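The first chain written gets the first letter, and so on, giving A, B, C and D; residue counts start at 1 in each chain.
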Amino acid sequence: APNIVLISRAFRHQFVIPDFQGFCKYIEEFYWRCKNNTEGKVAGYIPQLARMNPDYWGVSVVTIDGQRFSIGDTSVPFTLQSCSKPLTYAIALDQLGADLVHKYIGQEPSGRNFNELVLDYNKKPHNPMINAGAILCCSLLKTLIRHEMTLAEKFDFTMNYFKRLAGGETIGFNNAVFLSEREAADRNYALGFYMRENKCFPDKANLRECMDFYFQCCSMEANCESMSMMAATLANGGICPTTEEKVLKPDSVRDVLSLMHSCGMYDYSGQFAFKVGLPAKSGVCGALLLVVPNVMGLCIWSPPLDSLGNSCRGVQFCEELVEEFNFHRYDNLKHATNKKDP
Amino acid sequence: APNIVLISRAFRHQFVIPDFQGFCKYIEEFYWRCKNNTEGKVAGYIPQLARMNPDYWGVSVVTIDGQRFSIGDTSVPFTLQSCSKPLTYAIALDQLGADLVHKYIGQEPSGRNFNELVLDYNKKPHNPMINAGAILCCSLLKTLIRHEMTLAEKFDFTMNYFKRLAGGETIGFNNAVFLSEREAADRNYALGFYMRENKCFPDKANLRECMDFYFQCCSMEANCESMSMMAATLANGGICPTTEEKVLKPDSVRDVLSLMHSCGMYDYSGQFAFKVGLPAKSGVCGALLLVVPNVMGLCIWSPPLDSLGNSCRGVQFCEELVEEFNFHRYDNLKHATNKKDP
Amino acid sequence: APNIVLISRAFRHQFVIPDFQGFCKYIEEFYWRCKNNTEGKVAGYIPQLARMNPDYWGVSVVTIDGQRFSIGDTSVPFTLQSCSKPLTYAIALDQLGADLVHKYIGQEPSGRNFNELVLDYNKKPHNPMINAGAILCCSLLKTLIRHEMTLAEKFDFTMNYFKRLAGGETIGFNNAVFLSEREAADRNYALGFYMRENKCFPDKANLRECMDFYFQCCSMEANCESMSMMAATLANGGICPTTEEKVLKPDSVRDVLSLMHSCGMYDYSGQFAFKVGLPAKSGVCGALLLVVPNVMGLCIWSPPLDSLGNSCRGVQFCEELVEEFNFHRYDNLKHATNKKDP
Amino acid sequence: APNIVLISRAFRHQFVIPDFQGFCKYIEEFYWRCKNNTEGKVAGYIPQLARMNPDYWGVSVVTIDGQRFSIGDTSVPFTLQSCSKPLTYAIALDQLGADLVHKYIGQEPSGRNFNELVLDYNKKPHNPMINAGAILCCSLLKTLIRHEMTLAEKFDFTMNYFKRLAGGETIGFNNAVFLSEREAADRNYALGFYMRENKCFPDKANLRECMDFYFQCCSMEANCESMSMMAATLANGGICPTTEEKVLKPDSVRDVLSLMHSCGMYDYSGQFAFKVGLPAKSGVCGALLLVVPNVMGLCIWSPPLDSLGNSCRGVQFCEELVEEFNFHRYDNLKHATNKKDP
């Protein structure tokens, strides 16, 4: 079978996207095309998000060999929100192994709203990309990894991981958002208590601390550029393209990409997997992490959201990209030669 | 990006699996290992299935360049049952285009049982791999493609498609199964009437005829060998490896594989996508179609089913295969070199 | 305890409503007040119902000692629709006994829509006042009572019962409605097949015949006057006030009234029990059977329906009546003397 | 119509149950018969309930004219648990009026488990007899009635109401149960947060305080005797039979009895209304409040519960009682003379 590793070795004196400049022309074209899309509404459930300028619009690309391109508002900070979910899941996998993590969390699309008060038939949250699963994932990080750490230390530990994923680039923390999230989190508390009732959490988990930790992860700040580096680290099998640090094991990355593929876009996940066919994760901040395995990572950011909670411009951008290039999971079938290979 | 088409051209004087004999040794090993698995129960809702010998066990492989290997009961005929669903969906896509088909049928995993009495929030069946969606798919074939055809002619038309997918190999029809299926189909009739109530069907659809046509598609007969050829045709972008006939457009195949990937294994689909990461479709006959895109197609057949309706040995075989070889969707990440590349 | 039977004996030389003329003045007043209510829409799922004049408006009253009053369009025929449900249930109880009937049908409000595709946790329909339960009730009448009867004979048998309940007054059959109902019955067929799948029906039940029988019961015709006599027969413990024939056993009537009380008004049943506190049954024909036990029966008829399927004027009339008179189940509490006692 | 008020006036020199001694013989007989029923399990979710002696068994009766009879463990204290729900609902009705209360809480049986995470289609809890509705009821008491009261004062205010309902008899508070309830209340907190998210609570409601207040109401203590007096006060239209104080308005009592009738016995409510036909409320303490309007109140207490949460002996006792006497809502139909009239 055409092993991509072998191949890329064969090409090793060449960049994965040989004509990067030509490729960026397309990115620019998609950028301007999507700018006309003025649909959607900025998330309004906390004031810090509601005040976000709806015109912000940025796209950053990092290839696995470190070529970069950014256009638009790519250095404006925003909080990760649900884009933190694949990251905390990745840390949990890397530190605890998939077997342990999936004793607590399922791997199925839920077929329900992202914050639905419902567990799967094993009384576990459906997957780590929805709120229930991400809260549980945070409880694993908090409780099962070096339990002696205080909440402050565990926060540092996690932020440090995020930074390494981002090649040392900007990762901050927005305390106002954290406090507001915690305040406005009735559904998340309902989920937390419901899961505790169903004995979903590991022994010794402190619900209040786990919830706080979850809100803190959601309130970390990045920008398009640093998040595109995170996506590129995932595209590159866990090794950061610029620092060359091995941040995650390839097995952990495989599992993260599998679930981003099937569950990363809220209720639009199935259609996104069908049309775009790439692992992605969106958040109510308007960001969309997109991974083209073995090629590149992208962050696409525009605050206005559609009714399912995905960035309107973000989804359009992904569809334009895959319309033009052969990035869809099943695009590279033999005899299918109608799309561009960058 | 390492375009697999280019690559395989580079290798064009070579087979896609260079050491096919060595590879078949592994297949044999997995075969004998799974033979010990005596879990599961043969489907019992109609006598023809209930009488099936639980010891039947066969595996057939066809690569996209036509190399073949079979072991076990690979020429015993069985009815396609749900394995017909990706095929009728493929024909519908190929003849009508994805836009028209998906005006009637969704693309989301349902998060529910395969025969649940439920539609998605657009009042459409969730996807063409569950009963509701497959019934609707049959109604599109029956009603929208050359409407003047009688049911007999449409049956011939479809069987002919199946045969071409199978490179002209054995495709039959089991009339006893058809009659029993129609007799035992309370849930399917309930689904049919429920969808008609919700105006899911195209105008002019005749429910009774569509149901009959659906049961007929489920009652077509094949064996491991002919079904592995069908899987290989899908793996090869729609061109049959032996006849070299272009049976399906690559775009249709892409869409079929996308939905087999996310929805092909009943309620186990999410976990299967996570662990195996390959497009597959199982049926209550005990067969499992498995596609390794651009490499090969397999049919794995063993009648005893687990509680979710998938062949016990079939699922185990897939897991063994992917444990050993780098076939998982996200296995070929750079820097991940622990698995064999056949 | 103040046994109402004893009491009424004490009053036996007097009518149950001593000043019937005075009482009828109130009925007239409510009638005119409700006439101003022009809300609601006539049921439109079959043409025969859709063509019904929305201005028809009639109220008929029969006391248990046979005093009568009618105002408005009380001799215009309409089909019984769901108003037949308590009647077929009553016949089933009377002929088969409550134990046998409730082996097949529950006694709980469903908390769901009247035609929801759902069974209770025993895999039985929730109660005989919703479609699923009424279809099952018809299957009991058809299958378990003198099984040798043809469908035609069973229809006669049932119609004859209806007539005796109505004191021999007008009961007809509307064949156009029957044919249309059968044509437009996708949900009911879905319910039928779903129940057959769940083995809800008695052995030897023929689904098609049971469905036909159900549609025939729904298509029987009456008018306000004859239906008010049926209600009065129920109010009078099963003895028709005019013919003095004992049509139903008191135990059967008790059970019918219990379930009319809790489940007779579709999704409004709970609120109706709360506000009006009397057994009632409405149908999409716009009729509303109302029973004041030991006092009288009413039929209130006006085709326009609210969003839950109850006659708009019908519900208002009941609320006006109970506002003025002490008919609510829990009105006659000691020390509560603010309402009129007719 | 035979107005029960008039009647009882007619009998005013006589007791409502003329042969009370004879009647008590029957009560004793049912008592001993039910004592043989050793089914069920004591509630175990908090240690204080789990430790309760499963052999406790008591029945107390108080007629509306103050005749009393007790047998068994009728002075052993137990916490009210869900038996407090009709009482807090009664206070809310009495102080705020039905219109205001039912702006926040529905009147429908839920068709679901008593603690299901679900609201009705108006986004209100289904009724005040299930946890969600009772929590909301407590929030109304806490927030809308004399808002300036501290939690301590509101507790006194409520306990005082309970005492007056019980004619000044034993009402205590079990602080250990309160603390345990609060500790073990994951589902209730989940309900609370879910309702806050859906804006179910009145403005200014403090969720934490409302929850505490709810747990406090559940943790009040009474015994069979004092609770039977409460039931008798309800039977007597709100006037305590012994103190003759008018504790509740008759309209409030009517509404309480209506909802006890339809929703008081958890998921058995429909069947209980069908078979017993009397307003009742059970709690996990094993108590069952039973009201025979205008005749008497009972408290039946035995800790072992069936799978739906009702006292096993309690339910049996009610069924024996109604088997023998004409207390069922629809028993007193004319011409039905087969049951005893005490």
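Here is the rule we use: contacts are C-beta pairs under 8 Å (C-beta built on N, C-alpha and C of every residue); 3 or more make two chains touch, one makes a residue touch a chain.
What you are looking at is a predicted structure, and each value in this text was computed from that prediction instead of being measured.
Colleague: Can you give me the shortest step count from chain A to chain C, moving only between touching chains?
Modeller: Minimum number of steps from chain A to chain C: 2.
Colleague: Mind listing the chains that sit against chain C and also against chain D?
Modeller: none
Colleague: If you average the CA atoms of chain A and of chain B, how many Å lie between those two points?
Modeller: Chain centroid spacing, chain A to chain B, equals 31 Å.
Colleague: Roughly how far is chain A from chain D, going centre to centre by Cα mean, in whole Å?
Modeller: One centre to the other, that is 51 Å.
Colleague: Please compute the C-alpha centroid of chain B, do the same for chain D, then give the distance between them in whole Å.
Modeller: 58
Colleague: What pairs of chains are touching here?
Modeller: Result for touching pairs of chains: A-B, A-D, B-C, C-D.
Colleague: Which residues of chain B touch chain A in the complex?
Modeller: Residues 1-8, 11, 16-17, 64, 106-112, 126-127, 236-239, 246, 250-251, 253-255, 257-259, 261-263, 267, 269-271, 273-274, 277, 279, 292-295, 326-338, 341-342 of chain B touch chain A in their complex.
Colleague: Given the complex with chain B, which residues does chain C contribute to the contact?
Modeller: Going by the criterion above, the answer is residues 117, 186-187, 189-194, 196-197.
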